[in-house]
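Multiple structures follow.
One chain, chain A, appears in both complexes that follow, with chain B as partner in the first and chain C in the second.
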Partner chain A sequence: MDASDPCLPLLTGPPVIRAEGVNFYYGEGEARFQVLFDIGLEVAPGQLVVMTGPSGSGKTTLLTLVGALRSLQEGRIEVLGHDISKLDRAGLVRVRRDIGFIFQLHNLFEALSAYENVKMALQLGGKLSAAEMRERGVAILERLGLGDRISHKPRALSGGQRQRVAIARALANRPRLVLADEPTAALDQDSTRNVIRMFKELTVEDGTAILMVTHDHRIIELADRLVHMVDGRVVSDVVLNDALRICEFLKGIDAFKALTPTELTHVAERMAKRHYMPGEVVIREGESGHELFLISEGEVKVERSDHEVARLGPGDFFGELALLSGDPRNATVSAVNPVETYVLGEADFHAAIGASANFRDQLRRVYFLRH
Partner chain B sequence: MTPDTRSRLPNTRFVPLAWRNLLASKRRFARSVAGIGFAVLLMLVQLGFERGFFDASLGMVRELDGDLFIMRATKYRFGSEDPFPARDLEPARKIAGVAGIVPLYASWERFFWKDPTGNNAYLVQVFAFDPDHPVFLLPELQAQSERLKQADAVIVDRRARRFLGMASGARETEINGRIVQIVGDYALGPDFMSNGTVMMSERSFAGFLSGNPANVARLPVEFGIIKLRPGAEAPAVQQALRAALPDEVRVLTKPELVAFERDFQADLSSAGPIFWMGTIVGFVVGMLISYQVIYTDLSDQLAQYATLKGMGYGNGYLVGVVFQQAAFSAVAAFVPAWLLCLVVYRVIGELALLPLHMTLSQTVISFGLTLGMCLVSASLAIRRVIAVDPAEIF
Partner chain C sequence: MPFEVAWRILAYQKGRTALAVGGIFIAILLIFVELGFFIAVPQGGMLVYDHMRFDLLVSSNRYIFQAESWHFPRARLEAVARHPEIVRATPFYLGSAKWQDVGGGKRIDATVIGFDPHSGLFAVPDIESQGAVLERPDTVLVDSQTRPIFGPLQTGRIVDLDGRRITIGGQYGLGTGFLGLGIVLANEANFFRIFAARPPDTVNLGLVALKPGADPEGVARALRQVLPADTQILTRAELAAHEVEFWTTRTGTGLIFGSGLVVAFVVGIMILYQTLATQITRQLPQFAMLKAIGYTNRFLYGIVLVEAVLIMLVAFLPALAASLGLYSVIRGQTLLPVTMSPARLAAVFAIALFMAAISAIFSLSRLRRADPAEIF
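Up next is the complex of A and B:
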């Protein structure tokens, strides 16, 4: 992805993580065995990426490499703009300060209060005054529902509360990258919901990228991407977020290339996914039209007065004419095989073309080419 | 959370992690203070013993009232009986600056004192002098020395070892089978060589040793004690004396005499090394205890320290925390041990009749050792923290 990538939700900027050709081995000599094979992974700002896979698949090793907790052996990893293969020990330590780590175990200091544990992170940069640290520390603990536990020692907290303190510690410095390993394992239902909401807010509002190993379905449902690893290889990398996926899809279509990244994202976020079974009618000739359809999978046939006039496939769209002219539908479109479409409503459509004269012209051009 | 509770949060720049760790568990803290404090007490008692030993050994020397001291050249310590002929003192009288010479007779080997409260007789240290020139600084002795003019009268040390019965209040006992009158007492205390000291006139001394008090002039002398005229310089007079006196005797100033005895105690007797061994044992015990405390604490919190490394703390910070914690625990253990030692000194001092006192140098030395043992053990334990791999905790 480059800087003009339109699919960084509301944000532009270089990827937070860019890994290429990463191999990693444990042991030496005869006992040496490879745990990571040619890993390539890019994570953009604001993405919540979940890594899954059986234990021993290399997820955690990858996480520690990205987190500058281990030295790279082969390949290249850029984290927050730093090429970590080129950094010395002190450089690695500095990179870690910009990353929020959430470990499976909370690892809080028993001797310190919840606030002081968080402050251990806040004091690291050495840039905040005591008053600023207090404001931030208290604010993040309050946001995690620990407002009345600020001066408690870990011993006086429940398991879930402790884990939330650890999460507060990881997020206190508003890191642009959060690395987490099963962060919700110790949390109860309510805490989990609270924490997940916070992760989501961080990605959407602050553009924080989160790379997380978890098998918690409540998180996977909200993830933008799901990276599945088996035996040290990335076997699938699926975009789960519809808006993100639609955005990726729209990028490849000529008509949408005129849109600025923000406009494209705006359109993508307003599109809904809709499925049709073979033979099912999508629009019918003569009816009034209020929606624009974009085919992402499958094939449709276009019939006018019972004569098939065209077939459309992935990347094609239809239904724009009725929206542009206000006339009834001039053709019937039905699914040939199972079809997945992205649907844009009339109001959003007009908003989109209103916002971009370019886009309107593109749509008209496509229309006239087709007729 | 109200603004009030917010304002009650500690307003320091940095979290005092070392201090918090130290106080985290009251039980562990008490154990650490007790353990390290025990070692501190051990060291302080040894240091106190050493000083008490020397103070006791040097007590009598310090009480001698003179500027220069003539003694036999072969004498190897204050308390070795090695007298020289009184005539050897004669040339000294003519030396400029010498106000007067008084002989001091002494014996450590020939006087058996009978416990007035029992039947046993014990060897005692005896000093004899002219009652008109009591050669000791002890005010009590000076005040009572007139009484020594009475035949076979003695003045005794009421702080002598108790089995001698010198503090029993008895007015009479026997020395070498002969009745003596106890006409007074003073307080000095025993040392590690003699259990008690008896003062008598030179005439009584001669009576004991030769059967005739009139033989004083023929008695060999243990020390010739010289008083200088006002304005006379001790070193100059010492030089002149050396030239005038036979080679069989030597001349020491008072500081030289004190140093002579201290050197003997420190080098020729094994007392000094023994106490230093004791101090070293205390140091090692303290180091082991301190190492144990620090090591356990680090082991318990290894994951936490690894987490700090993961967050971006360098080894320097972690090393600092561990050393701070060691230094804090040294101070925390030292203070109560020092206070307890005051009590121990008093109790043991009374029981052993030793002059045990807390001095600045004992305090400084023992604190230095305490800090040292805690920091050394911390530096041994710290390798664990330096070695910890933050990647292991994911």
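Up next is the complex of A and C:
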């Protein structure tokens, strides 16, 4: 799990899902009503994104649009690099093959055994031999705790076991995107824990993106992002994973663009979030400095000798001078309004500089511009 | 690939599958039997012709079918016989006489055939070996398939035919075909004794034998030039086509067995459609799931089509076996030429395959209701 590198997918390759200005309507003519309003959503590889919202908020409709199960009406959705608004039916079918679907109902064929149901997904690619399919199918069923249920028909399985077979079917092809609707609703405690662990492993190890409608708090705790929908609109889109959040923030700042994704991750993971109330002093002139500050929210004023010289806002950083030169702080910085900062310690700062000549040069340039 | 899924679905729902197989078994069996009759019954009209030696048939231009062949002047046959390619032109007389037991009782219509026993007209061993019997005065042979209402057919029995005492001289086995319920064979002299009022210079049919190697078509063309419009010439092939056409289209035969055939076909489609449609409806979410995860409609159609064909195939062999049994029963009971031929086997198989395909196509509309967007 430590292999987590949330910056990497953000900075390399296109997002797995990119939706822009998506409107969707049900019905026609007089009866036509809108269920989705100007939806914009981006999901990067490796992200576990949970969608919540009351029923009728359009979550499932959005899921079917992203899954290429419905034709788009207005707006644009790219899934796995395909602009699905431009695809014909056959193209949509091909896109679906690269997506793992987990439905609320398991929809297993009663006539087929657990393994054969999983095989229905495995044989779609048409590339695997019978032996390879067997090996992979059995492996994933075993991983989901169904090693002794491989040849059982659904009738001989409990509700939770059936749902796990359906999950195995969705994950068997190691899809780069998984779309799921309440996948843990039918599961007991142990199975749920097992399944959630598997989802998390997929995102971390395989870089699989998962977009899931769920109200299961055990999943939400592990989610990277929480998208909340009400009445067809995304009302909040919160990054829950701090490292991920910092990454997203850092990648938008010029000075950090020089860092490789790995270096950026390194920095992001070592940054701590710190809040300041209005009027609170962040650094004081004349004190020795050991930290670099990056403003994510709010505004600070910079005073030298009780004289305001600058104001800094989100994306600006300060405190690098004392770290670079070893001199005491040359200004006092205090919060104007509630401020959120990401703080990087001295040792990590020097490690980052030592690791990247580019980063050092970038900081120097900023430094000279200010003086 | 659809095969495996189709097979597993059928094998899983054993009860439903067995019902469908049973239904299709009956439908295919019915098709075999109806088709057997449809083809064999018109051939019943050819039964007597089929056992006669001739190359061309001379008949009145008012000829309808063998039992209603009308008549023409005997002199026409003499004219025909002068053609160099012709060996013999044998007159064939047909009459209907009332058959009554000498002790009285019911009067039944019997068909009497008059011919010259020396002509070798009939290729029937019993008739050829009893030529001398036919030469005895007021003596006839009776077909062993003559119906029981005619009473016992034993040799020596004397019966009343149109008021004349006639002795049964023996039996022969040819079959009555569609000439009547009872058939009596007489030489020309005895024939005219029974039908004393009949002018002796008219015949019902003339059966022409050609020299070996002669071309029947060519001779027929030549004769048509010579003969007046009241007579016509038919080759064996033309005659067969005419008789079959008559029995198929101008009588109830074609309608009865033809409609039986269609009904069996439609019933088969309905049984299969019902089975497939029910099965699809029950598994609609599963089919929708297959569409959602990236299966094409063609794959799903394939599953349904394979199911239909599998049910048909499983039903076909037992139906074939049962129809072979039924055919032999029908042959024994009716002497109709109801036999299994490779062509008939292939035809019924093709019909059954078509039946399976049609029912599968009908049930596809249900499959289209499987909407992958509805299953989240």
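In the analysis below, the second predicted complex is superposed on the first by the 251 of 371 C-alpha atoms of A that agree within 3 Å, B and C clash if a C-alpha of one lies under 4 Å from a C-alpha of the other, contacts with A are read in each partner's own complex, and residues count from 1 in each chain.
The rule is short, and it goes like this: a residue touches a chain if its C-beta (ideal position, glycine included) is under 8 Å from a C-beta of that chain, and two chains touch if they have at least 3 such contacts.
Not measured: the values here are computed from a predicted model.
**Student:** Clash or fit: chain B against chain C, after overlaying the two structures on chain A?
**Tutor:** clash
**Student:** In the overlay, answer first, second, both or neither for which of chain B and chain C A:26 touches.
**Tutor:** After superposition on chain A, A:26 lies in contact with neither partner.
**Student:** Given the touch rule stated above, what does A:138 touch, chain B (first), chain C (second), both, or neither?
**Tutor:** Only chain B; A:138 stays clear of chain C.
**Student:** Examine A:147 and indicate which partner it touches, taking first as chain B and second as chain C; both and neither are also allowed.
**Tutor:** first
**Student:** Which of the two partners, first being chain B and second being chain C, lies in contact with A:130: first, second, both, or neither?
**Tutor:** In the superposition, A:130 contacts chain B only.
**Student:** Just to be sure I read the superposition right, which of the two partners does A:104 touch: chain B = first, chain C = second, or both, or neither?
**Tutor:** After superposing on A, A:104 lies in contact with both chain B and chain C.
**Student:** Name the chain, either chain B or chain C, that contacts more residues of chain A.
**Tutor:** B
**Student:** Taking the options 4-12, 166-174 or 364-372, which segment of chain B carries the C-alpha atoms that clash with chain C in the overlay?
**Tutor:** Given the superposition on chain A, chain B and chain C clash at 364-372.
**Student:** Across the two complexes, find the residues of chain A that touch chain B and also touch chain C.
**Tutor:** Shared contact residues on chain A (touching chain B in one complex, chain C in the other): 60, 63-64, 67, 69-70, 90, 93-94, 96-97, 101, 103-105, 107-112, 116, 120-121, 123-124, 169, 181.
**Student:** Okay, in this complex, where on chain A does chain B touch?
**Tutor:** Those residues of chain A that touch chain B are 60, 63-64, 67, 69-70, 90, 93-97, 101, 103-105, 107-112, 115-116, 119-121, 123-124, 130-131, 134, 138, 142, 147-148, 150-151, 169, 181.
**Student:** Across the complex, what residues on chain A touch chain C?
**Tutor:** Per the stated touch rule, the residues are 60, 63-64, 67, 69-70, 90, 93-94, 96-97, 99, 101, 103-105, 107-112, 116, 120-121, 123-124, 153, 169-170, 181.
**Student:** With touch defined as at the start, can you tell me which chain C residues reach chain A in the complex?
**Tutor:** It is residues 1, 5, 8-9, 11-13, 283, 285-286, 288-296, 372-373, 375-376 of chain C that touch chain A.
**Student:** Going by the contact rule set out above, which residues of chain B touch chain A in the complex?
**Tutor:** Within the complex, chain B contacts chain A at residues 1, 5-6, 8-15, 17, 20-21, 23-25, 301, 303-304, 306-314, 389-391, 393-394.
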